[in-house]
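In the part that follows, the structures are each spelled out as structure tokens.
The two complexes that follow have subunit A in common; it is paired with subunit B in the first and with subunit C in the second.
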Partner chain A sequence: MNYIKDLFDFLSAPTISFTLLTVAFPFIFPPTDWFDKKNKQWGIYKLWTNKGAFWIFMSITFFFIIGYFDPYFNLTMTKPDNIPIILMIYSMIFVIWLGMKKAYNNDARLDRGEKPEEWNDPDDKVLVWPDLVYIELIALILFMVFLIVWSILIGAPLEEPANPAATPNPSKAPWYFLGLQEMLVYFDPWLAGIIFPIFIIVGMMAIPYMDINKKGEGYYSFKERRVGYFIFMYGWMVLWVFLIVIGTFFRGPNWNFFGPFEWWDPHKVVPLTNVNLSEYVWVKLLNKGLPTNIIAREAVGFVAVIGYLFIMPLLLAKTKLKNLFEHYGPVRYSTLMLFGLTMFALPIKMYLRWLFNLKYIIAIPEWFFNI
Partner chain B sequence: MSEKVIPKASINSDSGKDLNRKGFLGWLSIGWLAFAGATGGFFTSMIRFMFPNVLFEPPQSFKIGYPDDFTIGKVDTRFKKKYAVWVVRNDEGIYALSTVCTHLGCTPNWLEVEQKYKCPCHGSGFRKTGVHFEGPAPRPLERHSVSLASDGQIIVDKTKRFKWEKGEWEIEESFLKI
Partner chain C sequence: MAEKEKKESLLSRLGESQVWKSIIRSGVPRSRRQRMYAVLGNVFLHLHPARVPKHAVKIGYTWCMGGLSFFLFVVLTITGILLMFYYRPTVEYAYTDIIDLTEQVPLGIMRELHRWGAHAMVLTVWLHMLRVFMTGSYKPPREFNWGVGVLLMTITLFLSFTGYLLPWDQLAIWAVTVGTNMARAHPFIGHEGPGASLLAIGDINLVHMGSDVRFALLGGRFVGEATLLRFYVLHCIAVPFVAMIFMAVHFWRIRKDGGISGPL
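Showing the complex of A and B:
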């Protein structure tokens, strides 16, 4: 048993769990033919059958049962704050499973030359009044009952009055903001706290204008919009939901990282010394001091950021993504690139931090401008 | 389909007769005035709400005791709760650090064993001098002005802040030589 626990602790370290998820993701939601072939070959698509659901459910439950009987995991698991996260893990996976099951079902029908299931399915078409409103009323009542029972059984996690001198350690945001808090570990507040949230909201509103694929409209289908699925699922499941899970279960005192079965030692020492890119270049590489001119000091960072955000999409439009560019036109293409590249900047920055202890690519504290 | 139903109000057009143009304008202005009064009152009380009756704000400039009260090499956390400063004495003198994390404004803790200030929000770490070295904080903690009063006590003035990245730690007031 301790072996399993140690293994879990080891696997859940952010470097490892994040890498595993990122590598596994294109196989689970294959965006290209090659990944699709592997997915078929290894039978990953079987996750989206009833049997798959059973095994997913069993393994998550198994994990939580071990956790419940573990003295340390029990503490984080049964905190009233964290119960929504456990519910979220189940419900998120269930919803994805359901969607994928329907999508694969339809894909098989389309392959056989039939129409998708929703084509002439009266089942999910009901009158708003009275049918839908009744369903909603019943759902509402059931949900109220559930919330009331929940609030009676588990007391609200209220704490003592705020005291500016005593910040709880660790200090956690409400659970739905833990993804943001995790991003803040890697970025300056104006980026992770302002620009990224705006981009997330505007970006999601822009999806219908950027995904102009007419196929798969009004019915579930994976293969007809697999790239879109992949990008969205990665952004949603890994860069948001998984970060919430990390923030809930794996972040302990001093915002250090702890495996689920590890004791939250407030004196755990983790070497985290970070260095800015400018220091890497000027001090470590060129063996000079930092130049006094701010722009000269951060030139490499500016080149990197501008190259990543603006030059790279231009080059891609001429080469690899030529078809996409022609199909989309310049405005839609650049919007897609801006949002997409900003999203992938998050994992990139996380890896730079983990691998090279890189603090900021552009670091100008004088102007409150750090990237 | 039955015949078109004509709304009652338009048949019985007598009802509006006794209201002439002047009377209408009169009522209209009374209505608007009442509305403006109510909204104005509401917003006034809203604005009043922004100014609390009592302010528990400690004075911005205060005496913290004599230089000898502070041990060399120690971070004094006594003033954290009331004034949000750490007072540190090293071999050369005394400085006062603001307890506001330069990342997003949480209050870090001084860890005696590790000899660092560590923020519980996103894990920024600062050395005893206030210089940032781990986590996302982009700049060192700010220092406040320290000086000696005529009675020999140290005065900390929090209205003056000195930022390292602007080279302000060189300024004499940011450090009390002893």
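Showing the complex of A and C:
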């Protein structure tokens, strides 16, 4: 048993688990023909069958059962405010499974030249009274029962009275913001706490204007919208939901990483050996001191950021993404690139941190301008 | 035998009575026409069209998550109003009022209902969004309504966040401290944000700890008495008010954009 626990502890380190998820993701939601072929070859699509659901459900439950009997994980898991996260894990995965199952079903129907399952003769409608109202009534009664049982079984948490002088370690934001708090490891607050949330909101509002694929409206379908599905699912499930899970279960005192079955040792020592890009260039590469002029000091970082966000899309528009650019037009294309590249900046920065101990690409603490 | 059939049940006789008809406008809906009137003539039900496509009533298509989110909003409003009877938003009383609530109210689960309902609402809103994405229901002509939905999701999170402070325990103030600390770093208008130092006249900084956006949010330099009152007002009045306006638009636009999405 300890062997399994050690394995879980090892696997859940962000470096490992995030990498595994990121690598596995295009095979689970294949955005291109090649990935689709591999998906079929390795039978990954079988996840979206009843058997697949059984195994997904069993493995998550297995993890939580071991966790429940583990003295350390039990402490985190059974915190009343963490119950919603466990519900989130189950419900989120269940609805994705259900949606994907229906999507594959519909894809097969479309291949056979049939209409999607949801299609009905437009003239053949049902009456809202009673066909819809009674479903709504049943749904809300059942949900109310669920809520009442939940409320009776688990009391709302109430800790000691507020004390501004005693900072708990770790101090965590409400659970739905823990993804953002986890981003703070890799980005400064002005990005992780302000710019990224704004970009997430505006970027999500912009989805219907960036996705101009007319197919797949009003029914579950994967094949017709696979690139859109891949990007959205990666952003939602990995960069949001999974970061919440890390932030809740795997972050202990001083926001250090702890495996689920590890004791939250407040004295755990983690070396802070992160180096700025400017120090890499000026000190390590050129063997000089840092220049006093701020702009000269951070020039490489500025080139990298501007190159990534603005020059690269321009070059891509001329070369590899020429078709996309022509299809989308300049405004739509730049919006897509701005939001898309900002989103992928998060995993990129995470890997730069893990691989090269890179702290900031642009480091101007004098102006609070660190990227 | 024939006379027995003529006798109507008490329920349907009530349904035909003057009092009932004056309230509900139509009698017991029996025919197709009457059933349509039952929806059209009811201020709450006429949120729905009189008839919907068959797939719209299938739980596998909608997961019922949008409806449940609205239902939870109603549950939270009702339980919230009840909690307001007991709760005073001051540093002196807030915590003890919560203790009072747990210890003095027999079988009281109002706070539990409110708290778990709030967590559940965050989940149902997320699941609703996931469903809308997976069915491609944000595509034209529903782009605008997707945008309204994203804003409603943000509002839901903010509602939950402002409510998090009210118990005034360690969990509350430190979660809110961590959350609102982000506002320090707001570009230009947070005192530790990039560009804030540019907003200065000579040596006098316009954006400092006592004048930045975090100060406006907290009503002070740290989470204290003024913050509690501010979050209370935001939580009970201001944000629900905004949420209701957006919800009205959201529901109205569903109808205007052609009802529930579906394959053509």
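Everything below uses one rule, namely that the second predicted complex is superposed on the first by the 348 of 371 C-alpha atoms of A that agree within 3 Å, B and C clash if a C-alpha of one lies under 4 Å from a C-alpha of the other, contacts with A are read in each partner's own complex, and residues count from 1 in each chain.
The rule is simple: contacts are C-beta pairs under 8 Å (C-beta built on N, C-alpha and C of every residue); 3 or more make two chains touch, one makes a residue touch a chain.
Since the structure is predicted, the reported quantities are computational estimates derived from the model, not experimental observations.
Considered on the superposed subunit A, subunit B and subunit C are sterically compatible, since they fit side by side. By the touch criterion defined above, A:Phe187 reaches subunit B but does not reach subunit C. Contacts of A:Leu285 after superposition: neither subunit B nor subunit C is touched. In the superposition on chain A, A:Ala363 makes contact with subunit B only, not with subunit C.
When both complexes are overlaid on chain A, the residue A:Thr273 reaches subunit B alone and has no touch with subunit C.
Between subunit B and subunit C, it is C that contacts the larger number of residues in subunit A.
Contacts of A:Ala165 after superposition on the shared chain: subunit B is touched, whereas subunit C is not.
With chain A as the common frame, subunit A serves as the apex of an angle whose CA-centre rays point to subunit B and subunit C; its value is 60 degrees, to a multiple of 10.
Once chain A of one complex is fitted onto chain A of the other, the partner contacts of A:Pro174 are limited to subunit C, with no touch recorded for subunit B.
Of the two partner chains placed by superposition, only subunit B is touched by A:Pro253; subunit C is not. Between subunit B and subunit C, the smallest C-alpha to C-alpha distance in the superposed model amounts to 5 Å.
Residues 163-164, 166-168, 171, 181, 188-189, 193, 368 of subunit A lie at the contact with subunit B in one complex and at the contact with subunit C in the other.
On the side of subunit A, the complex with subunit B involves touching residues 163-171, 181, 184-189, 193, 253-256, 267, 269, 272-274, 359-360, 363, 365-366, 368, 370.
Those residues of subunit B that touch subunit A in the shared complex are 80-82, 84, 99, 103-104, 106-109, 111, 113-114, 118-123, 125, 133-136, 138-139, 165-166. Partner subunit C is touched in their complex by these residues of subunit A: 81, 83-84, 87-88, 91-92, 95-96, 98-99, 102-103, 115-120, 122, 124-133, 135-136, 139-140, 143-144, 147-148, 150-152, 154-164, 166-168, 171-177, 180-181, 188-190, 192-195, 201, 204-205, 207-209, 211, 214-221, 225, 229, 232, 236, 364, 367-369.
Put simply, subunit C touches subunit A in their complex at residues 29, 32, 35-36, 38-39, 45, 48-61, 63-64, 67-68, 71-72, 75, 91, 95, 98-99, 102, 109, 111-117, 119-120, 122-123, 126-127, 130-131, 133-140, 142-143, 146-147, 150-151, 154, 157, 160-161, 164, 167-175, 177-179, 181-187, 190, 192-197, 222-224, 261-264.
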